[in-house]
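In the two complexes that follow, chain A is the common piece, with chain B as its partner first and chain C second.
Let's look at the complex of A and B:
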């Protein structure tokens, strides 16, 4: 890595910015900062409108709703109301895995659409939607149908909410409507919020169930990419927890219906699910714990916090036993990878939580994160939840209705006393997320809503060994001779969560940077090249 | 047969703008901007990147809720400005999406005003209306080629001896093969779009934000002077046809041919090239033809056991079904999600001599295809990777061809055209049929002879026992 002093980095950033027209330069400047340990606060601009024409990586509200939050639910018919493209592009796009429960349905391999045509846009698509629901019920017999709206739906005024309500009465199943038109908000984040609201209002708590569980928990904001949730479930079940519902990786709508019976909510991805986590507490008295199951150190921390929350000595003991057992299997190889990778650097641009979570994964195997950024994070995901009161509401925020929840008189049950909660909050992130920046190294770059130009410029200047993002910039990285590991889809690998996952990740990184092909990228007839590749021979 | 259902289950088509994106990626020094919600360009970049294994950079005007109310002009103007500053393109494609079309954006007017207000005379801005509800990727692709030519091609008054080629949605390697064949006939030509380098860029370490290669804008301008046009697109409506436009506008004779997959289709192309070039057919092509025939004869016994389902893009289905038909692989199911009237008739003609019943579907989905695949004992599927879930669920092998291929590498290197490419492609199909045979023959023999006899013997024993009991 070059330029690892702060003054050098300021020059790099100036170079990145000066390519923009004046107005865009001013805007982008506020989305980039350098971590400075001397400062106690870092303010970044985030969750604001994307600048047109700069090749952003961001998606739309529909993608955040249908693709991210709802997509992994196995037992749901995902009926996309709109022209064919949106349904097509969301089909099998994310690698959320799902195994059907015995006798349960699994529609993960399916996408459903009303395939709106010209005439539907002119005359309205309500009739078509009603008929499509009828067919879905007749052919697939699901217990839940979720209707998601694409751009034209809101504009032509199809009343999907009313249709959902009528269908629910007619067929005796759950039918929900999500007004997640692509133009809403500034990124997929708007879609997460819309999905959260609707799930909270019309799915959570619609059934009650007597649970004979000692430690019932909900897993939130974990989407089972590459099987991450399978590994997390394995560990939690080994310790003795019962997962009531998952929002939403390897989860079902049927479980979410009685998820208010849990005693603790675990939040993995804060950005996409914090709305539900907060509303749960308000409505049912269940607190949430910020966890991170990516990386062994973070996983151990999360497991200990959970045991502390329940406060049962036997549970604590079992937790330690499982930690020791699991560590014994991976520590040796992880240490060897750490020695191998020492001094390598990573550039992370992903999601609303992964760019933070993966930093500790890399750190444990000797790799330093030099740039990290979110595609659709908000200020609290960078700076911590304490900034929430200072965040200005924009017109785009106001367009997404805030759901007002109140205490459910019948189902509310304060899981821990106020005093106990305050005591625990001293020890663990209960109802709290600290954000990404606090844990970052001095001199590292934080960048929000990175685009193609910035990706190239920063790569040229910093020459990281590893670039982690998604498919859209994977090949740009490869063209520049830099190893890339996708943190959206894991390049068909995974799981990376938990104990076994961390080792899998280290193995994949080794397989990537140690691959001999990197040593051939400089042709032998070219002048002034180093012939032998270093480890990873990336440049 | 068309689809009577209202519910599309696993689409066998994409939307118009992605077809436009593929077409624009073959124009030199071009960038594309999608006017609409930013999710459209993000989704399409993702799908094209996986297929081509290349960076696919498409800008968006990122219309937000305010833009849907007050119009997206401001966003489009700002988008164009940023795109020009950051990428210095010579050509900018501006295509619409569902959102822009539903709110009635006039991209022609906005683009013209933008050019007037800014000093960008040397940049060609080409506009194409591609609402997602206006058709599939098939129409989007051909319409875009036509709009590019409509907005750029001129007539200087002097005729050239050049050939225009409007390519189908082929792989970069296939475009290279077309060029190689044209070079063998020593023809001068303009091929549109030329994705041979832009979507399969050699690794050089000197990464450029706009990949080198593509059809030159100066050449597209001269297309009005050309002597002939060949268009690979026999199912393309004349309103979307570049060849028809060039014929109507500039009087250029047009040949509208199928994609040259298979013997007949390649023969047709080669004959026309010989005719218009006045050259003899090169020996290397004659030999390649001879080898293809040799393969066809040698493999026919295996091929005749093939019962295929062919799906994907209409033009690709036609060409693939054609090579199946001439090799005795029965294209039992030919299905596309595109709603296309001519599809039925053209494929009926193609399979008129078939000994099997052929099922032809347009405006269909994969759920329907899957049902028929199982009902009609299909043993091989040939189409894009969207059929993979049928392969996974029902164990019927899928030969991946066309766009998109998401779960295998090498889509941009696939070369299935001309005599040589057809030969390789045919081998791939034959080998899949052979693999089925080799994988199953022991079990089949066992079932047919051993178990059947054993079953009869057991029945005899049981009968004897019964007699004894009495």
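Let's look at the complex of A and C:
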């Protein structure tokens, strides 16, 4: 890293910003800050509109709803109402994996669309949607169909909610509609919120089930990318937890229907699922615990917090035993990777959580995070939930309806007393997320909605050893001779969660950084100017 | 798993399952990348642009950079003029492209933004060019979008000299093909000594070397002066009726440049036709070097015919490539029994049906179909081989049929974009792939006692 003092970093940032027209410069400046340990508070602008023309990595509300939150649900026919592209691009690209429950159906490898044509845009697409639902029921007989709206649907006024309601009555299955048109909000984040609202309003709690579980939990905001949820499930089940429902990695809509029977909600990705977690507490009295199963240290912390929450000595003992067993398998090799990577630096731009979650993963293997930013995070994801009351609502926020939930008189059951909760909150992030910035090192850069220009400029100035983002930036980084690891999809690998996952991650980083290809970038004749040779004879 | 696909057909008019097409804007974006110094711009919500960039990046494993008008709900209600104007200002200030090539999306088309009038009111910096194409996602497919962008380029950029003097060049529109194909077409033209203007040209844009530096606008791509000059060319050859012929006809309409639409030159017959057309138009000879390659291809097919003879094959993908692949597998002695494209156009069915006239076996043929339909066909009439894009692996795995990846997109293999499918060289590579897939399967299924070294 070239610049290791704050003054130097300010120069770098000035250089990044000076290419913008005045108005855009002013805007972007507020999305960038340098962590300064001397300051109590850091304020960053986030979850605001991307400036048109500035090459952003962000996607749309549809992608956040259909792609992120709903996509991993295995037993659901995800029926996309719109022109073909939106359904096509959401097909198998996020690497959320899922194994069908015994006797259950798995629709993850399929994508469904109404393939809206120009006549549908002119005369309305309702007839086509109704017919598509009928055909899906006749061919697949699914227990749940989720209809997601794409841009034209809202504009032409197709009433997908009414169609869903009628289809539900007609076919006796669950049919839900998500008004997640791509233009809503400012990023994928709007789609998460829309998905959360609809799931809470029309799926959670529609069935009751007697569960004979000692420690029933829901896993929230974990999407089973590259099999992360499989590994988390393995560890949790080994300790003795019962996962009631997953929102939504390797999960099913059928489980979500009775997910109010759990006693604790674990929140992995705060950004995409915090709305549901909050509403669960309000409606059913179930608290949520912020966890991070990425990285050994974070995983251990999460497991200990969970055991502490349930407070059972036997559970605590079992937790320590599992931690010890799992650690024993990976600590040696992980320490060797730490020695190998010591002093290397990483540039992270991903998600609404992962740019935070992966910092401890890198740290444990000797790699310091010098830049971190979210693609679609909000201020609370950076600064902690305490700033929520201060966040100004924008016009774009107001376009996404807030779902008001109230205490469910029949199903509400306060899992822990107020006093107990307050006591636990002193020890653990119960109903709380601290955000990314607090954990970051002095002098590191925090950048929201990073764009193409900033990616290149910061890479040139800081020369990180690894750049972690998505596929759109990956090869730009490679052209610059810097290994890029995708942290949205994990490229072609995973799981990275838990103990073994951390080792898998370290191995993949080693494979990337140490790949011989980087040493071949300069042809030998470019280094060796004094080539002397003879033709046709010996010298 | 694709275990939920039943053998029994049920009527399906509205539900598309596992498509063999995507929407127009990605085709337009790909076409725009074949213009030197161009930044494709997507006028709509930013998700479209992200999806298209991601998808092209996955096929090419190269940076694909494009900008968006980043619509919000407000823009969707009040129109996207302000967003586009802001976008253009920022684009020229920050990214400094020579060309901005704008495509629309279903969003901007539905609200009816008039891009032409927005651009007319925009103060374009000196020496810069803005091109715009109407590419509604709810019409046609990505192939339509490719064609629409190339047509828009011709309409808005091509010129004719006042003296109407020909530049003695041939315009060549290669269609929706890979940089490796484009390099092969150029090699053939150069070997024959033909002056040409090829567009769009993604070679040296989406197959650039790793040399430690990143160039947002790589050296490749057809230039604006070249595009202007297309109006003075002797003729236009469009390789592929679906992706390439419309722009060729546009050149005829605008500047009276004669269009010749040929099949995408995949396989021996289509490549022969391509070379014959070049000879007719230019009077140039096919050089010995190319003739030798043809002879090698014929030699290979004759020597290995037993590997292909009578094998049943399903061909799916984009219309131009599927037409040529069907012709090629027929020339190998194989039996195409399922032929499908997702792009809805009856002309595809007519062209293929004509090719299949002498076929004495039953076959399925459709334009506007999906992979679910192809899978059902296969369940009812099994095949020895699948030829098409990466998505077919779902069917291949479920039905335990080998798959040879050809066309777009190929997401789960690499190097395809560097090598040709087109021309005699491309056909030799295809024969190697098909033969390898069939024989790997044969070896896998042969008992040890019967295993052979020579096949």
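Note that the second predicted complex is superposed on the first by the 526 of 539 C-alpha atoms of A that agree within 3 Å, B and C clash if a C-alpha of one lies under 4 Å from a C-alpha of the other, contacts with A are read in each partner's own complex, and residues count from 1 in each chain.
To be clear about the criterion, contacts are C-beta pairs under 8 Å (C-beta built on N, C-alpha and C of every residue); 3 or more make two chains touch, one makes a residue touch a chain.
Only a predicted model underlies this, so the values are computations on that prediction, with no experimental measurement involved.
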Which superposed partner A:40 touches (first chain B, second chain C, both, neither):
neither
Once chain A of both complexes is superposed, is A:91 in touch with chain B (first), chain C (second), both, or neither?
both
For A:392, is the partner it touches chain B (first), chain C (second), both, or none of the two (neither)?
neither
Which of the two partners, first being chain B and second being chain C, lies in contact with A:409: first, second, both, or neither?
neither
Could you tell me if A:155 is touching chain B, chain C, both of them or neither one (first, second, both, neither)?
both
Pick one for A:475: touches chain B only (first), chain C only (second), both, or neither.
both
Kindly list the residues of chain A that each of chain B and chain C touches, one partner per complex.
19-21, 24, 49-63, 79, 82-89, 91, 93, 109-118, 120-121, 128, 131-132, 135-136, 139, 150-152, 154-156, 181-188, 395-396, 399, 452-453, 456, 470-476, 479-481, 521-522
Help me check something: in the complex, which residues belonging to chain A touch chain B?
19-21, 23-24, 49-63, 79, 82-93, 109-118, 120-121, 128, 131-132, 134-136, 139, 150-152, 154-156, 181-188, 395-396, 399, 452-453, 456, 470-476, 479-481, 521-522
What residues of chain A sit close enough to touch chain C in their complex?
19-21, 24, 49-63, 79, 82-89, 91, 93, 100, 105-107, 109-118, 120-121, 128-129, 131-132, 135-136, 138-140, 150-152, 154-156, 181-188, 395-396, 399, 452-453, 456, 470-476, 478-481, 517, 521-522
The chain B residues in contact with chain A across the complex are 5-11, 13-15, 17-18, 33, 36-40, 42-47, 49-50, 53-68, 75-76, 78-83, 85-86, 97-99, 102-103, 131-134, 136, 201, 203, 205, 207, 209, 337, 367, 386, 389, 392-393, 406
Listed in rising order, chain C residues that touch chain A in their complex are 1-2, 4, 6, 10-19, 21-23, 25-26, 41, 44-48, 50-51, 53-55, 57-58, 61-76, 83-84, 86-91, 93-95, 105-107, 110-111, 136-139, 141, 208, 210-216, 342, 372, 391, 394
